[in-house]
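Given below, in the form of structure tokens, are the structures.
The following pair of complexes shares a single chain, chain A, combined with chain B in the former and chain C in the latter.
Now for the complex of A and B:
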């Protein structure tokens, strides 16, 4: 709004001053004007800050403060039964994570589930985007359809998938039974349960990524394809040599977003198990998010849960740094070529 | 300067009003958000408890289908006390309800006037939160002698403050399918069935082996090994803690016995390899794939709901091998509530024997007030869905024989990990008993370590 008033200020030749009858106002009036103009300058200078302040206030209250407080709590022994009773523990909560096999198990699960959900998800999204990029009858319908899973709530989707993957009466086992494969106990096996959880993630996010790819694809200049076609490149060659390189920044972006999502994976494994936060009898699909929840809200150890939260945060920072390095390398190699 | 001043003057009314709008919007947003944090009203926007139009609102916070409302007790109380309005908020699962209750007790705000507590959490509440709860023992209408002594003790601190009044308990019977028993050549009459395993959980295992010999296709004797283990642990005085409050489950022969029996059931192939309260368990009821389950009184309604019409008159209830208890609840009155006095009165009324008998009649929650057992609603109670089994008598017998269990603050965590980590591995994955025990104890050690 401040900028609006600034742009509204007319140029020196504008009509603003011209029609004023008294060119030399009395002294008191001048002083008042002086004061007003000072206020105006203050207004212009400070009101932008006032306008963006709400965001920063809320960010401080609901983003920054919890982050810092979690960090502070992670250095203490705190139980949910007495959250104000904090006993200094130094780095104990972190050092015990190093020897905590449940933490490493959760980290490993997060990693493997992350891989088996993210890789197929992005590849499929790329393929779907490529198909949607052709001129299709009812393309709007397909685009909306691709986005519907994303709009479904995690809880609803997970409950349905848990039923589909049921051991005795699940539809997937029924389908496998038709082609002669015995019932699989999806939830009990290490890999099978992780695949089941990943499939929920894939189902929910593929369409979303496909639309992002599609948007990027549509901004690729047609000239590139035309000249490629003139050079005799097939559709596939065009995809490899024109589409993919042009999509590189977008692909990097979706990789980062999916990775962050994968590290924070929580709702799907929690609801898939149906009870408790152990992530299966063998903790076979307990992710970091789920382990954090178990420590904080089932075992009531807030300090330990906070340390896990910060460990997750550090892991994300690490991933961010790696991503930045790759991006820089990519940009360099682009500059070279 | 000369330029800007008139311009400013010209636009100032509009600007000011616009700025006002912006400030108002921000203020409204902020207020809304803050109010959202502070009040957290689950009841559709009505203001918090307190007096309004001369009426006092009492809020009750419960988990699951607690039954008080469903049995019409609130309506009855409100009719008797026209100045009282009772509002209930319920959170589906206790595992979500309990942490929230702790947070709010810690913060001293956001609490309902009456808060329910599950038996697995009562020891922790009594031990760590008693200074935040009202001592209900002196509330008019509360009479210690009308309750089962052990239930009363569970809600009472070491220095004699009773912060939790017992609502229901969970005396167990064995629910069984008559049609499956008949096909397998076992007796179907409930007295004969009770006799089959009277006095010894091992006889229950023997009956299972007999069942398996002629078992109808695709059925198992029992739902889960974990269920058997839980039932057996429920029939002894000590399980995870000893009297001095030490954790002894690793060396307690009772726990070992329960564990071994669960393992036997799994290894003999007598279980349907299910996990209780999962969708698959519900489906198994509907499809009738197991013949028995140890069922506390409160589970009868659940079974009826899941087994549905198809199971009508197929189910019956027999006495468990040994009297055993699983579950039950308490209600407490937090000091931070707004109407502690009225709330205490209501709590006393809700837990009085007459009301508990009504609760049993309507909802099947078995009274913890022993004075209720002679009331006709309990003594003559029969359950039509379970072949008119005299459930009042069956469960009263179990309740009176059930041991005075020693509870500890971390009972739930120990029980959960023994069942959902340890026994479930044996049952579903075929892990060896030693390895599964190791996995369970490791998880428990990790959970208990601060």
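Now for the complex of A and C:
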């Protein structure tokens, strides 16, 4: 990073740019030139700040400040009906959270739904990317088709999946009935409802991740496969011993992005059935994101909502730290080989 | 000296051979074996799985509510499509919602692209104090979800009486850390530093450099970022649900939520609403699908 920043601008004293006979410079000309070079120096020095200013202005006002202020709000009692009346509560919101069974329930659901949605999603994406990496007729068609769910909003996708997963008249139970499986209650069952909610996530994001894997696969050097083939490695062994190791950083990246997505899961459980912010009749698929919304905008406790937000923040920091550790490990092992 | 002359004739040979292979196989040849019959079968299956829920949205939207409560579920289109679309249009305030969403997504895309390009350029090619620290801040907050700032933002718009006003959803999403990082990564390679230096030597001001050199060089990435931002803004859910109300001044997603949570919801009308809200992006995908796919893959390699 340092090397490219150093070459950015020529030295401000470079007045030799205008080669002119120096012996008879008119006074006004010299002054004008000096003024110009001063303006030039100011320009070089201050223009970078002008370029980053609009971004950081909005970023500070609507990104950084709210993020920190959430922490401050979490130490207060704040009601939605009077959001500016803040009453100091110390760590009360947090201690309450620790003894709140719904918080632990939401944390557990977020974790299980996260696993059920992320693991199959990334495995399938890997397989689809592998298929798309072949030379194909109409390859762009398959790529665009696989990405189409990404263009569908959470709301639209969840509403149609809720119908497809209907207990009595849903397409999925009808299909399962054809092969002799009785109607499954996708709405009220603990596991079944979590699987149904996860399937919406899987549907929307598998194609997107497949394209990311595909991009990484296409940048793997052909020579690696050639030498593996010369060593007599089968296609499957080439996939295991060439493709997967080369994809490791990309896989880590998609894992992190999907995990962060899973931590903030909100729209799918909100709209999956008519029960709204409770996440099912028994809170069986209420996630942390949804619980935060329920505490803040249904039960009107903004302070508690803030405490949940910071709990999520803590989880994300943890994920970030784990990611950093694994990435460092990867880099080290690559350096060894 | 002798070794140099020995190897010299070989190098161009190798280069042209590689270049030729690259020409045949496309720019970045990975493993490019021809797909067999089963590859196509599997990909057709993937395509069907990807498109089926959308097609079925249209099927359900063309049926009646009572038909959706029968087995077997409908597998082909019925005759109620326009009736349901009309109903959803009025019930869910869809006209306003579509217009609002267009305004929001358009403004957010333009803002994000413009501000990200400027900041990305500064981070990629210019020198200033605290550059690395600020860049670290940008990267560190790239993945922070909206939930972490939603309470103060709500307090803010309540204080300013911005509930149900579009600026309440535009301003907080007008810039993204991802955009800045994306443009920086692109401009690092796509914009030759010598070009800027040459312009400087010729006495060009910073504004002229941005206008005549940076923007033209950044154009492909700006287009990609614009499209990705537009899709994201169109589908944005969490914050609009809080800042807007479905009976007041909704975006499409808010209107759709209101329709679904309304009193005695009619499933075929809900599906018609979902279709209305998704169709604009699907059409955009038909037109720009190739570019969006390219953009996501490009972002993946650089990111």
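Assume the second predicted complex is superposed on the first by the 301 of 337 C-alpha atoms of A that agree within 3 Å, B and C clash if a C-alpha of one lies under 4 Å from a C-alpha of the other, contacts with A are read in each partner's own complex, and residues count from 1 in each chain.
One rule holds in what follows: a contact is a pair of C-beta atoms (placed from the backbone, for glycine too) under 8 Å apart; a residue touches a chain by one contact, two chains touch by 3 or more.
Remember, predicted model here, so these are calculated numbers, not experimental data.
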{"item": "When both partners are placed on the shared chain, which of chain B and chain C touches more of chain A", "value": "C"}
{"item": "Partner chain(s) touched by A:51 [first = chain B, second = chain C, both, neither]", "value": "both"}
{"item": "Partner chain(s) touched by A:114 [first = chain B, second = chain C, both, neither]", "value": "neither"}
{"item": "Partner chain(s) touched by A:174 [first = chain B, second = chain C, both, neither]", "value": "second"}
{"item": "Contacts of A:83 with chain B and chain C, given as first, second, both or neither", "value": "both"}
{"item": "First (chain B), second (chain C), both or neither touched by A:100", "value": "first"}
{"item": "First, second, both or neither for A:59, with chain B first and chain C second", "value": "second"}
{"item": "Which of chain B and chain C A:152 touches, first, second, both or neither", "value": "second"}
{"item": "Contacts of A:276 with chain B and chain C, given as first, second, both or neither", "value": "both"}
{"item": "Chain B/chain C common contact set on chain A", "value": "1, 5, 8-10, 14, 17, 36, 40, 51, 54, 58, 80, 83-84, 163, 168-169, 274, 276, 296-297"}
{"item": "Chain C-facing residues of chain A, complex", "value": "1, 4-10, 14, 17, 36, 40, 43-44, 47-52, 54-56, 58-59, 61-67, 69-70, 73, 78, 80, 83-84, 128, 131-136, 140-157, 159-161, 163-164, 168-171, 174, 203, 207-208, 211-212, 214-220, 222, 225, 238, 243, 250, 253, 256-257, 260, 263-264, 266-267, 270-271, 274, 276, 289, 292-293, 296-297, 302, 305-306, 309-310, 312-313, 316"}
{"item": "Of chain B, residues touching chain A in the complex", "value": "1-8, 10-11, 15, 18-19, 22, 26, 29-30, 33, 95, 99, 102-103, 106-107, 124, 128-129, 275, 277-280, 283-284, 287, 289, 413, 416-417, 420-421, 424-425, 428-429, 439, 442-443, 446-450"}
{"item": "Chain A contact footprint on chain C (complex, rising order)", "value": "21, 25, 28-36, 39-40, 42-43, 46-47, 49-51, 53-54, 56-57, 60, 68-73, 114-116, 118-119, 121-128, 131-132, 134-135, 137-138, 141, 143-156, 158-159, 171-175, 177, 180, 188, 193, 196-197, 200-203, 205-207, 210, 231, 234-235, 237-238, 242, 252-253, 256-257, 260-261, 265, 267, 270-271, 274-275, 277-278, 281-282, 284-285, 289-290, 292-293, 296-298, 300-301, 303"}
{"item": "Contacting residues of chain A [partner chain B, same complex]", "value": "1, 5, 8-10, 12, 14, 16-17, 20, 33, 36-37, 40, 51, 54, 57-58, 77, 79-84, 96, 100-102, 162-163, 166-169, 185, 188, 274-276, 278, 281-283, 294, 296-301, 303-304"}
